[in-house]
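One chain, chain A, links the two complexes that follow: it is found with chain B in the first and with chain C in the second.
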Partner chain A sequence: MRPVRAGRFAAGLGALLVLALAAGVLAGPAFLRPGEVLGALLGRGDPAAIAIVWSLRLPRAALGLLVGGVLAVSGASLQVLVRNPLADPYLLGLSGGAGLGAVLAIAAGVASPWALPAAAFCGALLAMAAVYRLAVVAGGALDGRVLVLAGVVVGSFAGALVGGILSVTEAQGARSAMLWLMGGLGGAGWVAVAALAAYSLPALAVLFAEARGLDLLALGEEPAQHLGADVARTKRRVYVAASLLAAAAVAAAGIVGFVGLVVPHAVRMMRGHDHRGLLPAAFAAGGALLVLADAAARTAFAPVELPVGVVTALIGVPVFAFLLRRWTARSSS
Partner chain B sequence: MARVRSFARRLLNSPVPVVALVACAGQAPAGDAARVDDWGRTLALAAPARRIVSLSPSTTEIVFALGLGGRLVGRTTWCDYPAAARAVPDVGNGMEPNVEAVAARRPDLVLLYASPANRPAADRLASLGIAVAGLTLDRAVDVRRAARLIGALAGASRAADSLVAAFDSSLSAARAFAAPGAAGPRLRLYVHVWADPPVTVGRGSYLDEILRFAGADNVFGDLAASSATVSLESVVSRDPDGIVVLAGDTSAGPPDLSARAAWRAVRAVREGRYLVLDGSLYGRPSPRVPLAVRDLSGRLLRLAAR
Partner chain C sequence: MDGPLFELTRATVRYAPGAAPSLDGASFAVSPGECVALVGPNGAGKTTALRALLGLARLESGTASVEGRPAGAWPRHELARAVGVVVQREEPVFPATVEEAVAMGRYPHLGRWRAFAAADREAVARAMEAADVAALRGRWVGTLSGGEWQRVRVARALAQEPRALVLDEPTASLDLRHEMELLELVATLVRERRLAAIIVSHHLNLAARFADGLVLLHRGRVAAAGPPESVLEAGRREGVFGWPVAVHRLPDGAVQLYPERRGAAPGGSS
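Let's look at the complex of A and B:
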């Protein structure tokens, strides 16, 4: 499949993003007419509608945009770093670490709304540090294969601890911790949006700045070295920034599968491998996918809410299969 | 290893109490000592049960209410009522119980919740020659059937009959007390189970039933499931009059839902209209159903007046 022309691609992506955000604000289990939503946006009309739009739908759409974007950028970078198309933001032990943190907080009986996300974030950071340490000790200069193995090992260890804790603590709270961890944007508030935005901007900036380094790294380490890239520095920066992004996304919305794995591939197929274009496009596409999926998760079986990860996969897999078919058909002809 | 083997031998050689587990296919049960449990299995004890292990807080309450508390030789960690239950040895969890810990109590009757997950444990206990009754205790009405079966297996049918009669009359009295009349419209309540994601209960739950008995409605009573994850937006748009919370310790006060920005969109949260209910009384069907209904109707009147 020939990469789509940059201008047309950007316009399409922009339209998708606008459509997703509109769906995020217009759709929901409380049936508000578009006119009511517009009025509420301007602060007019029924106070209940204003509360629904301003304190529920808007922060949810904003958080979905950020989390989806951050996951896609993190996944795109990690796939290059570990040279593995199956890499996703949680691969390097992060989901296990976050789960352990969340379950420990519940087991310790901490009830504040900030406790779960904070504990999950700390758990993810601990796992990240452990993986980094293992990879440095074993592989010297952050070998991609060693990173993946260290991630799997640390993740399994954390998973075993979670299993052990769950079986000896009271079931209800621990089950709810797992429920939270399964991911969703239900707890979104403006403070969470602001915290994630403030936190992820520097990490995103680091990755965008390393776009050229990622291009070279994608060619392989030796060619990258010959072309004058400081491979070790790029790898270190990409690893830390991508993992910090994923940890922050976990703290904001639990573990949302699929976005960080497949959106980068889909964008690569359409847009090519140039990371200066790819990373921002992945951010927009990931954000749009998550906001759309969340709107569907809220409305499909309202008032019951589906886990958003279920919907991201249900929407994403057919799209991805379609792209994959076109891509393989074109590249083999 | 030797210790394990000697334990196994002791277990096998133990004079299995006077129990004969008989499957009577189609055969009329002899006397009232033969009954069918909620798995549809026919239980026949050669003699009334003397050593009972109760693997759910509901059955523990029923055993005590039948005046058979003295025959309990094992209970779950969660059996907290009546106070005397605390003195009974704890055999751990009631869901997927520890078979060895239960068998070590040498029971002649084990009562457990009839869930698919409990079936393997029930079969293993039965293979040790112990009578096992699976009981589904999900709704108020289940208390009557469970009391009758336990009474029959323990030779206390008379006590069971009078327990059921008292249960019926006090439940209808409690419901009559709660019947809406001059009290105004029925209160619509949201049951808070978990905040993020919002988990509540539906029509299939025991708490939903108790709310209705006491003259209130569950705002998610249209959901058939016993529990469900719902979107916060639908909680806002259903605008409950109050938030019901079950707590192990009611003195701890209501959960701080208003600390979560999104929850403040719910009027009842902003206005702090909580009903904190004792989990032991409201969390499970038991002979105390009428008490729960009466207690709740009083609280509803106070909430409506607030």
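Let's look at the complex of A and C:
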């Protein structure tokens, strides 16, 4: 029935995670042999190697895992909420709004990793509200295609505001803020990991608890109601939780696009649309993908690092184009 | 369970303050083992009456109850264990197989966390059997014909193991054979399981053929209710259909409505 059996899929996903984490701790400007890395992980060997692994590479891999996972879960939930399989926090303007919120907070002198996600969350909620308004005004009823268009427009507007704010504030911070916004795990540390985990775990729990509500909502609001879903409550929770996830990811790693689109899609194709299985699988796959993308971003032009958002966009845009073709072909037939 | 399953009592629904009421003091009841068709011209209030009975429309006055409890007071998942609904249009965002689609009928019983148990899988299998879609279990719902898709949705409603079925224009896009198959299926279920059923339809003749009783709505009011013959006759007399009609009796006893051609002699012929 499904192309991939559940057991085999879980095993493959586990292998991918191990591979990604291995790449995450092995890749980097300082060359460490796998044996040295393994020793360092166990706290043995060269103190410099231990420091590199424990305070640079491991937190970076952990942050990548969380950011990728959180974005994938956010995207998977948003796809149901807006009834559009092409939805993603980046394409819906949520990431842009979150970036604007975070940059405003930085410009106001607030830069604590614990406060930034809150500012980004406000930005994301406002962006989502604006996107909804635009989409409804344009179409009367909510149109999935108009919604993505509105998302891109709101995202661009937020991006323009961010550019403006950064160019009138102190030049020295501007370049690093720019790099952060392009999506990077360069600032990774255990504090950033802890902050992201603290903000995203409650939202992940809420979405997982609404997994069956998401299954029903994907049928349409009317059938969902008759199958026992409290549609208004589910939508409200998904809206807030998915926005919080996108905001926390942006505050930790800037704007990383397309993970929330590509990963849930791949998992849906292989594993089906039951969200109780889909959400955890998307989390694991998204995390693995981002850690791998980050390893590639660090090694491709070493010693110069690419922002990981560049790598995900390079992968994501062709995939998006492919999915868009398929989707429009299907919905116009 | 004694008493009616669905009951609307002098129910009035107004969607916007000051607007004409969509439902205007309507009363009717449906008991277990009874199939009632809600008929009437477009805009007569059929969908609004349904929404009121399913707790989705706010009543300005009067009551709407399911098993004696106000419809709006039922938590959605509890109502979904009592009433299975097949809505007019349904466009899922993601593909699913027939079996997956029918299995969603168990959600009101599973709640948030409980996994599918053997009893749930049996209920799904029985529902697919009853609606004659077991052979389609592995098919993607997007590849089904209109009639098959309707039967799958009836199967999903049956998997809810409800005490009542509601079907909103279930045969709107079906050809004659699939239309008859679907309504025969519903009639059998009502008879064998003593379900209470409401079918919303603007196919008057089909409704008269299958329903135990008709409720004819006109401008938000119940113009007539009761056995098909008397309801169609009353509707004809009062000009509810907006067109001259004659009421005929078929050899099997069912009554049917014939719209007259303009300029033809008035009145029935049999």
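Rule of thumb we're sticking to: the second predicted complex is superposed on the first by the 228 of 333 C-alpha atoms of A that agree within 3 Å, B and C clash if a C-alpha of one lies under 4 Å from a C-alpha of the other, contacts with A are read in each partner's own complex, and residues count from 1 in each chain.
As a convention for this text, a contact is a pair of C-beta atoms (placed from the backbone, for glycine too) under 8 Å apart; a residue touches a chain by one contact, two chains touch by 3 or more.
The shown structure was predicted, so the numbers you read here are calculated from the model rather than taken from an experiment.
By the touch criterion stated above, A:G28 is placed in contact with chain B alone, chain C being left untouched. Contacts of A:P85 after superposition on the shared chain: chain C is touched, whereas chain B is not.
In the superposition on chain A, contact is made by A:I52 with chain B only, not with chain C. When the two complexes are overlaid on their common chain A, residue A:G163 makes contact with neither chain B nor chain C. Shared-chain residue A:H226: touches chain C; no touch with chain B.
In the superposed pair of complexes, A:R268 makes contact with chain C only, with no contact to chain B.
Contacts of A:P202 after superposition: neither chain B nor chain C is touched. Of the residues of chain A, not a single one touches chain B in one of the two structures and chain C in the other. Chain A contributes residues 28-30, 48, 51-52, 55-57, 59, 111-113, 116, 171, 176, 179-180, 184, 186-191, 298, 302-305, 307 to its touches with chain B in the complex. Chain A contributes residues 1, 79-80, 83-85, 209, 212, 215-216, 218-220, 222-223, 225-230, 268, 272-274 to its touches with chain C in the complex.
Residues 95, 193-199, 220, 223, 225, 228-234, 236-239, 255-256, 259-262, 264-265, 267 of chain B touch chain A in their complex.
Residue ranges of chain C in contact with chain A, taken from their complex: 54, 56, 75-81, 83-85, 87, 89-97, 99-100, 104-105, 107-108, 110, 112, 138, 156, 160.
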